[in-house]
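Here is the structure we will look at, set down as C-alpha cells.
Note that the chains are named A, B, C and D in the order they appear, and that numbering of residues resets to 1 at the start of each chain.
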C-alpha cells in the first residue's frame, strides 16, 4: 500500500502506453547517463510505440536503434552499466530473453557479488509478454519463472498505469539489474496516474483490493483478471483480497502471509504454465510460514503445460481468465 | 520402484563415470543414428572423461569435437534430431546452458507441438552441475529451475550409478528433447549396476528408502545427502522415506503424494537456491493435492539466494548437506 | 543446372503462384482480416522460387518468416491457408502458424519466431543427413536482419569445419523491420561478413534463373561432400515489414526495385524468347487463381480445433497437463 | 606510440613480473595446491603486457581467463594472490575468484566463467564511456576459442556501427582447451573471420613492442572517435590448458615457440642495445621475487571470510536470503 505520492494529488486518466512513455521521458530528462536502445526503438518509436518521440527529443546519442542481436542488447547493457551509464534496453518480446539469457543469468545478476567495490549493474531490460493476440508460440510467453531462480536479478511485473510508471522510474534509478516485463495485451488499459512526479519502490507488495474471505495473489496482467473475479465473487458474498506483488524477485512476502493469515484461503494467478511457476513459490512460502492459518488446499491458476497455441479456440482455452480464478476461489472455499 | 531389470540379476560395483561411459557406448553401438559431440568430447574423451574411448571406437563421424559455441551445440542438435538422427551433445557445464537457452526453450521444446506429422526432437543435452569443488560462481549451478517452466522439455537428474546408466539409455531412446544433468561432484560415487543390459524409464519417481515418519523428496546429488540424513534420523527413531523423482519435468507426482499421505510430513532437498526452485513446485503440488494429510509446514532445503561463492568457508556455508535435511525434518516434526 | 534443364514455364508458374497467392492474402487481409498477420514476400519471390527449383523433393528447406515460396512449393495450398486462419486443417491442426510450420513429409524444417534461430538447426539438419548417409541438401533462407545475429557466425563456422551439405541463402531485402540495413552493418555485401572459408556469392535476387544456377552449383557442391555455400540474393520487399506497419521507405527506391520486378522480368523474357505466349500465361494465371480462391474458401468454412488438439507436447510420455505424469 | 616514448626497462619489468608471478603460482600449486585452479599464461605474457602499456590508467581492461598481466598491472599483488586462495583480502572478500574479478577502482571489468561472454559487455563498456563523454578506451582480451563463439560477430558489428572506443585483442595461442585451432576454424588468421568493416591487424604476440605499437595506434583511433580495432596476436602457451590437464601437444612445436620466448626476446634485445645491463635485470628480478613471495606469504596466513560476506547480492534492496525481502 505504500505510495510515494499523496493520495489526494491530482490524477489524470492515462493508458499504460502513455505512462511508460512518460516515465522514459522523465528519466531520460532527469539523468544524462540514462540511455535507451534496442531494435526499432528510436526512429520508429518502438514496435508498440512505447518510446515514441524520445529519439526526436533526446537525439541518437541517448536513444538509438541497434542491429538485430539480442546477445548484444543484453551483453552491452551489462558493460555500459558497469562503466557507469544507466542503459535501458528493449528486448522486443520476452520470448527472446533466452537469447540474452547468459548475460542476464551469469553476468548481470552476479557482478555486484563479483565486484568488491560496490560497483553494480544498474540496467533495465524492458520486454513484452502477454497472450491472447494470436501471435502464436513465440510472441507472448511469460518468462518470469525462467529467471526467478537467479539471485541478483530483479523481476518487475506491474499491473496498472500508475504502477507501470512509478515502477519503471524506480527500476531505472535502481542500482541492480531489473527485468521489467510489460504485458502487451494491456498497453491500452487506462487508469488514474498522478500528475506530479512520483516513483513507486520496487520490492513492495501492494494490496489492490481488500477482502476477508480469500487471498488472490496475482501478477502482471492477471491482476485485472483477479479484480474482475473479485467483483463477481463479491456478488456471491465472497470478498477477495487481491494482492499484487509487483516485484517477483526479490519477493516481498510478508503482506502475502498477513493476508492469508486473515483470509485463510490462498489462490495464485499467473499467465505462465502452472508447473514450476511463480504461484508455486508463493504457495510454498505460505505452506511453510503460514501453514496453521490455511483452511484449504492452495489453488494455482495458470496456463496448461503446453506452448501457446495459435488457433483462436485453443488460445482461448489456454489463457487463464477471471472465470478460472473465480472457480479456483470457490473450489478452495468449498473444500 | 519400477526397474526394468530383475532384482536378482548379477550386479557389479561401478562408478557413475563408468556407468555413463557404458551407457554411451551401448547406445552408440546399438543405433547408428546416435551421435555424440561437443567441446573436447572426442579426442580428449570429455573434460571429466565420461566419453573416454568412444571416439576411438566409433570414429569421428559418430563422436567428434566441435568449435567453442554452445549455440551451435544446442541449435545443431535440434536440427539433427528433426532430420532423424539422435544427437547427444555435451554442454560442458550446466552454467553454460543459457547460451543455448533459446534453442532449448523455444526450439527443441516446441517442435513436436509445432509439427503435425509426429516428427519430434530426440536429442539429449548432457551437462554438469554440482557445487563444492571451489569452481566459483559459474561452474556448478543447478539449472533445473531455469527450464522447469518450459513445456516440451524433459529434465532428468539421476542419483545412483544404476539410475544414471538406465536413465541415460532411456533418454537417448526417448523421442523428446531431454536435458540430462550430471552432478560432477558425484562422478566417483559407486554402487551396484546390473551386468545385463537394462533401461530405466523416464518420468518414474523412485523410492530410495522406505519410512513412515517423514517424506524427503530429494533430487540429483541431494539424494545421497537425504539418505545420509535418513540414517542419522533413524538413530533418533525417525524413519524417513527418501523419494527420488529422477525426472524433474514431467514430474511423476503420485508417488510423492502417496508418501506424504502416509508420513504426513514433507521436506524437499535440492542444491539450487530455494526460491523459485524444484522444491517449491513439489510443496505446491502437495499443498493442493494432499493438503489434508499434511501435519506440519513443508520445509525446503536448498542453497541461499546468492551466487555460488568461491572461498572455501563460503562454499561450505552455501551447499546444502545431510545436516540441513536432518534439521529440516526435525523442524517439521516438532512444529 | 545448365539453362537447358530449366523448364521455363514451370519456373514462371512457380513465380506466378507465389505472387498471386500473396496478392490474395493482402486482398483478404484488407477486406476481412486473417488471423496470422501477413508478412508479405511480394517483390522477393524469385529468391525462394529460384532456390527451390533445382532441388530434389526430399531436400530440406528451412524458410524465413518471409520465404512464402517454400511453403507454396512444398505444402498443399489448403493446409497453408488453413494455417493462416488457424483452423483444424492447418499445420499441426491449428497449434501453430503457417509462418513456422514444419513437416518431415514436405521436407520443411520447422522454425521459431526468433529471427535467425534456425541457422544452427539448419546446419544440424545437414549434419543429421550426413550421419544418416543420405544425399539430402539443406537450404536455409534468412534475411539481412538474421545476418546480424550472433549465430550467423557460429552456424557458418560449424558448417564449414564439418563440411556440411547446407546452403545458406541471405534474402537481403535491405530492411530489418523498420531499419535500413546501412544503419545496422558497415559493409556493402553481407556475404563479406562471413569470412569462414566457405564459398560465398552475391547474386541478383530479381533474376530467378541466376538464383537457380547459383543454388544448383551450391547443391552439387554439397552433394559432392564439399561442404556449405553462402549466397546473398539482393532483393526488396514491396510491402511494409508487416501489414500492421506503415510504409516509410523512400518511394523512389521502391520504384526502382519495382522496375526490376522478378515476375515481370522473367515473364517478358520468356515472351521475348518465345518460350511462352500471352495466352498460355493467362491460362496458367487463371488456373492458379482458381486453386488459390478455392483454398481460401475452404479455410473460411473450416472448423476451429478442439481443445484436445493443444495437449500434444510430449511424444513419449503422457502427462496430465496441469501437473505431471498420468499413471 | 613511437618507440621513443617506450620506457624499455619498465616494459621489461612488466614482462618479468608476469613471468615470475606465473612461475611462483606453478611452484606453489605443485607443492601444496592453490584453491583457484591455475590457467597459466606463461609464454603469452607479451600480449597482455604490451597491450596494457600504452593505455591510460583509467582505460578499461576486460581480460580473458588467461590475461594474467592485466590483473598484475592493475590490482595490488596481495589482493590477487588472496583472490587465488579465496581468503578475505581477495577481490570481493573471497566471494569471487581472481580469474574473474572486477573493479572500477582498478579499471578491470568483471568477467564470467563463460568464455567469450565478455565481448558484448566490452563493447557496452565502450558505449557507456561514450555516453559519459570521457575519453576512456576499453580493451577486451580473448582467445581463439572465444573467437568461435557466436557473440564475436555481434559484438564486432555493434562496436563498428556505433563507432565505439574499444579494442578487441585475440590472444591466439592456437589451442582451445585440448583442441588445436586448425580443427575448429577453416581460416589461417582469425582476424579474417571478422569482416565487419573495422580495421584488423595480425601481430606477433611474442614481440612486446609490436603489441605496444599496434595497441597504441588502435587506442588513438578509439580516442579520436573513429571506432574499434581488432588485433590478432599470435602466441602460444607453454603449459597445458589448466594444471589438472595432461600435456598432449607436439613437443617440437612447443620448442619452436619457446625459442621465441617473449621475455627472452625482449631481454636480449635490450641487453644487445644496451638499454639495460644484466645486473640491472637481476636486481629487478630480485625485487619482483620478493614482492611476489611476500604476497603469497600474506595469502597463506590470511583468514577465510565469514558467512555474512556471501550475502551481498543486491545493492539497493535488503533481502532475507532464504526467502524474500526483509521489512
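Everything below uses one rule, namely that contacts are C-beta pairs under 8 Å (C-beta built on N, C-alpha and C of every residue); 3 or more make two chains touch, one makes a residue touch a chain.
It should be emphasised that the depicted structure is a prediction, and the values quoted were computed from it without experimental measurement.
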Farthest chain (mean CA position) relative to chain B: C
Contact-richer chain pair (by C-beta pairs counted) among B-D and A-D: A-D
Computed distance of Cα centres, chain D from chain B, in Å: 36
Chain centre separation (chain A, chain B; CA means) in Å: 31
Inter-centroid spacing, chain D versus chain A (mean Cα positions, whole Å): 39
Interchain centroid distance [CA atoms averaged], chain C/chain D, Å: 45
Sequence positions of chain A contacting 2 or more other chains: 66-67, 69, 71-72, 95-96, 99, 102, 106, 110, 113-114, 137-138, 151-152, 250-251, 275, 285, 289, 304-307, 309
Of all residues in chain C, the ones touching two or more other chains: 93, 95-96, 100, 112-114, 117, 148-151, 154, 157, 161, 183-185, 312-313, 319, 323-324
In the complex with chain D, residue positions of chain C that touch it: 148-154, 157, 160-161, 183-187, 192-198
Chain B residues touching chain C - in the complex, by the definition given at the top: 32-33, 35, 61-62, 64, 66-67, 69, 71-72, 74-85, 87, 102-103, 106-107, 110-120, 151-152, 154, 174-176, 202-204, 250-254, 285, 289
Interfacial residue positions of chain B with respect to chain D in the complex: 39-40, 43-44, 47, 65-69, 71-72, 93, 95-96, 99, 134-139, 274-275, 304-307, 309-314, 317-318
Of all residues in chain A, those that touch chain B in their complex: 95-96, 98-99, 101-102, 104-106, 109-110, 113-114, 137-138, 145-152, 249-251, 272-273, 275-281, 283-289, 291, 294, 296-300, 304-307, 309, 335
Contacting residues of chain C [partner chain B, same complex]: 60, 91-93, 95-96, 100-105, 109-110, 112-114, 117, 119-132, 136, 138, 150-151, 154-155, 157-158, 161-162, 312-317, 319, 323-325, 327
